[in-house]
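Chain nomenclature is as follows: A, B, C and D, assigned in order of appearance, with residue numbering initiated at 1 for each chain independently.
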Amino acid sequence: MPNPYIPYITKVKSIVSENKVNDIKTIELEFKNEEDYKKFDYVPGQFAEISLIGKGECPIGIASSPTEEGTIKFTIKKMGTVTSGFHNCEEGDIVGVRGPYGNGWPVEEMKGKNIVVIGGGFAFSTLRSLVIYLLDEKNRKDYGNITVIYGNRDPGEVLYQDILEEWKKRDDIKVVLTIDREAEGWTEEVGFVAPIVKKVGPSSDNAVAVICGPPIMIKTTIAVMEELNWGPEAILNSLEARMKCGIGKCGRCNIGNKFICTDGPVFSLAELKELPDEY
Amino acid sequence: MDQKILKKDQIGKLYNELVGEYDFYAPINKKGNIAFEKIENPEDIVLDYLNSKIPPKSVLFPQNEVLFEYTLDEKDVEITDRQDLEQKILIFGIRPCDAYSFELFANFFSFHGDWKDDIYLKKKENTTLIGIGCNTPRTTCFCTSVNGNPFKKDNMDVFLTDLGDTYLVEGISDKGKGMVQKLSWLSDASKDDLKKAEELAKIAEESITTKIDVDTVVKNLETCFEHPVWDEISESCIGCGSCAYFCPTCTCFDVIDETDHYNNRGRRIRIWDTCQSCLYTLETSGHNPRDTKIQRCRNRIMHKFSYYPTNYDLLGCVGCGRCVYVCPANNDLRVILDKINKIEEKEDEKVVA
Amino acid sequence: MTETILEEKKIDEKWEPKIIAFLCNWCSYAGADLAGVSRIQYPPNIRIVRVPCSGRVNPYFIIKSLVDGWDGVVVSGCHPGDCHYISGNLVARRRFAILKELLEFFGIEPGRVNFMWASAAEGERFAVLIRKVTKIVKELGPNTKFQKEWC
Amino acid sequence: MGIETDNKEIISSIRENAKWLLSENQVDVIIGYSEGTVPLSSTPIIIRKEEDVDKLIWNNLCYINLARYLAPLMPQLCDSEGNSLKIGIVAKGCVGRAVNLLAVEKQVNLDNIKMIGFNCNGIVNRSKIDLEIGEKEILDVSISGDDIIVKGHDWEKKFPYDQYINELCKVCQIKSPSATDANCVGECQELESIHDEFSDIAEFESKSADEKWAYIKDALQVCTLCYSCRQACPMCYCNLCFVDQNMPTWFGKTTQFTDIFTFHLIRAQHLAGRCVACGACSSVCPVGIDLNIITRKLEKIAKERFDYTSGLNAETIPPMMDFKMEDEEEFMLEED
């Protein structure tokens, strides 16, 4: 029986700063053993417990898509001891990875539907994973129209700019970018995410909405979506919590009788309404 | 015959026979606190005790447990798995409520599909329990209300009954029966002994007077999440978490890395944690889902009497009463459950009024 | 700094204590510097951590140093009245007084933790006191009371 | 005669004053002690209605320092806008000290607090009695005359009261709150300073370093780091305790002796000149560790070094928030 707390050993392949303030970096990891990578079979929206041996461990959503083979990526904001440690990593450093954990976005159930992806700020990482997965040649035909609405505070904070540029050039995906306040050189939308969603007015017909962002954005956006006749089953959310184990044992990520790590992190709005307001 | 007699002065003999094969854990008196520890000298064993202060969960789920060890090199890390999980463990003199708590642990740690806690489960598999009936339950005990009994033998391998000068020894599981047979020097029990054991069991069960209507608690908890009763319940709590530390069924833990800089080595360990600590759920962003004492107290009760039954169809409490007598503010669990039980009545009164 | 403390600790007659010194930037660090440029010799057992003021030295630093395996700690600041921040060393002095008394009360050898004043002009005094600290700690032997167990 | 009658008088004075405060609308709530559900205990209670004041008791087992509930303020003591209600607090001497010190440290506003003072007659040392009784269940504890009567199933034991109270209560000189009539009803006194020889810890202090270390090691080794002592302490109100800080992580949280020792050492450092000597930390300890000698040492340092006794009034600044040019510095290293 394997010990579930032992991480796979990976090496940092590359580390890229994502924004002008330099507090968000994307770290690309390469597995030391090829077999471990095969075992690490994930879907977009899942997370992993990544650790710097000697510093500690933290749960981070996987930013890469399973269709990007060979490596996995995590986008990390500098917040605490472990995340600061990741920011100081260099190429070749050892990182422990346990996972993948959680349920992830229900990509199978989403097949045949139009998909609206709404993201705010740095919570875009698992959405990046999802969109790349959907746009992959093998999968694109299974899904309907894809709309991405992505909001940030200012232009310097927009993540994954090169990928967003690529998406804009494609005709099978609609990308709407917005920032909170006007800024020099910004040609896209200006305003909070909720009013922009209202302006874009995605149809709820045969569609699924995926929302990820700060709590206040989620709250206001959901209100707008309900105005636009979206049902609670069609709105998907990804939650986060303090976690230590990722496998439903350490006990701290429960909302009512559900654990975010094993029953989540993706919950539909309908499911969330059943649960106590403790997240 | 499965029933044997062990004389009180033969415990040393029993210990000597078993200690070669097993890590022998038994209750000892540690500065006035009964705790289960690895026995070096059989004379330390205390069997004449009410119940251990520190629950025997500390044997299989110690307060600090190494998950794995590592050595750090310039650019490389080597991880060493636990090597000691195959060691056979024997827990001697455990009470029925605590033995039942091991079942709850095993159930919880093997839940969640693929993600089993194999460290615990492996140890549990290699553990033999020699339990002892509870002749004099405390007044704070309420095991009979939560599917228990001071002489419940289900979760034991071997069961002892204190008959005064001797112990009646019964093999319960196959493992236990085998063990009793191997101890061929035990004398056979007489009919009188069996009769006396039965009487003791009856007296003990009758002496537990605290009765809690747990079904109503479980039912009421389904609807009372926002009820003002929680304000009242958490009023005197000082938020220390003794209740969780001394609870035989509390499983929550924290994980930390400890590094020895001198020798470039370290270990990742888990330590007991408690949902009564405000840091328990504090996220790095500063957001805390359970920010107030009211929410934290509620979580503890809900976890044991609502989430546990919903998820596993079991109660998360074995009725040992430890949280009742260790609580510094005397925030008595029996009173809390009683308050929850009365919720419905109060609402009925309102309707009448 | 890490490399030096990573060395194996040897307990024999050749044993040399490792002492961590928290020196205030304005007086004691300059004093140590002066001792250096004046070629006054003092034992190489100390490792210097420069802090802005002796008032910056939290008791955590001192206790954590002992837990991390240092054999002795010395904190040095400006003489009372000379503090660059006017009263930092006076605040620190009360803190140290209490820490020193508590450590003694708990049975930790008083010589493990030492406090001194040395100004920027007192290179000689700095060297003399460091010699004294080294001698005290050497006589005490390795710091074992704070050591963790490693299997 | 004796403790029993004292207690009756105390109870009636507490109830009377509490009733008066509530009926005159001087306070919105009263924090006090009520009868515990298990022997050797009492439970803090919040009284809101006049008819409930009869739940208030005093029985020499009221070891919790009620000032604990004042900082940080609990939601139960706030109005709907989060402002503090007017609080009445049943105050023995050490509760009064804690309230004063919390006011100096700007944690509470004395305008919102009315103390119900009385002359405390000591707290029973629970762990000492527990230890002596051993593995027999205590069913009832009562005080008769000057004896503590402990009853079990088929046994009864008498303990002389003056020997079985907390060590701190034996040497306590501040039995009723040191306060003015403006914020106290009932017994109170205005103390300038107290005289204390600290002879009770002299013996321990004269031991050698190794003996002290052996004693401390033996006393603390059963600690489970449940932090009850910290949580029960009225002066430990930091919202992030040093043991919980993780940027950086200062000290470990395992039950290795190093971690236990550093926790108690640094906690003592933080309480120097602030400890109000209520003994709640020792009384609440689930494994019966006696921290009283540390408490006394902290008081001694404050008294002898800085001539300060905590919580005598709500103005004097505690020594660790202050400094003087002429402070003693005999411990500083000097050239020979």
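Some observations on this one:
Just so it is clear, a contact is a pair of C-beta atoms (placed from the backbone, for glycine too) under 8 Å apart; a residue touches a chain by one contact, two chains touch by 3 or more.
The shown structure was predicted, so the numbers you read here are calculated from the model rather than taken from an experiment.
Most remote chain with respect to chain B, judged by CA-atom centres, is C. Closest to the protein's overall CA centre, chain by chain, comes B.
For the pair chain C and chain D, the distance between C-alpha centroids works out to 36 Å. One inter-chain figure worth recording: chain A and chain D are separated by 50 Å, centre to centre, where each centre is the mean of the chain's CA atoms. Chain centres here are Cα means. That of chain B falls 32 Å from that of chain D. For chain D, the set of residues that touch two or more other chains comprises 249, 252, 256. Residue numbers of chain A whose C-beta contacts span two or more other chains: 80. Residue positions 254, 256, 258 of chain B each touch two or more of the other chains. An unclassified topology is adopted by the chain contact network, corresponding to no line, ring, star or complete arrangement. Looking at which chains touch one another, you get A-B, A-D, B-C, B-D, C-D. Those residues of chain C that touch chain D in the shared complex are 59-60, 63-64, 67, 74, 80-81, 87, 90-91, 93-110, 114-117, 125, 128-129, 132-133, 145-149. Residues of chain B touching chain C in their complex: 258, 260-265.
Here chain A touches chain B in the complex through residues 1-7, 9, 51, 53-58, 79-80, 83, 92-94, 96, 101, 215, 240-242, 244-245, 247-257, 259, 262, 276, 278-279, going by the rule given at the top.
Chain D contributes residues 205, 207, 209-216, 242, 250-252, 256, 258-259, 261-262, 265-266, 268-269, 272-273, 294, 297, 301, 305-306, 319-320, 322-325, 327-329, 331-336 to its touches with chain C in the complex. Only residues 36-38, 41-46, 64, 68, 74-76, 127, 130-131, 134-137, 139, 153, 222, 224, 226-228, 230-232, 239-240, 244, 249, 252-256, 283-284, 286-288 of chain D touch chain B when the two sit together in their complex.
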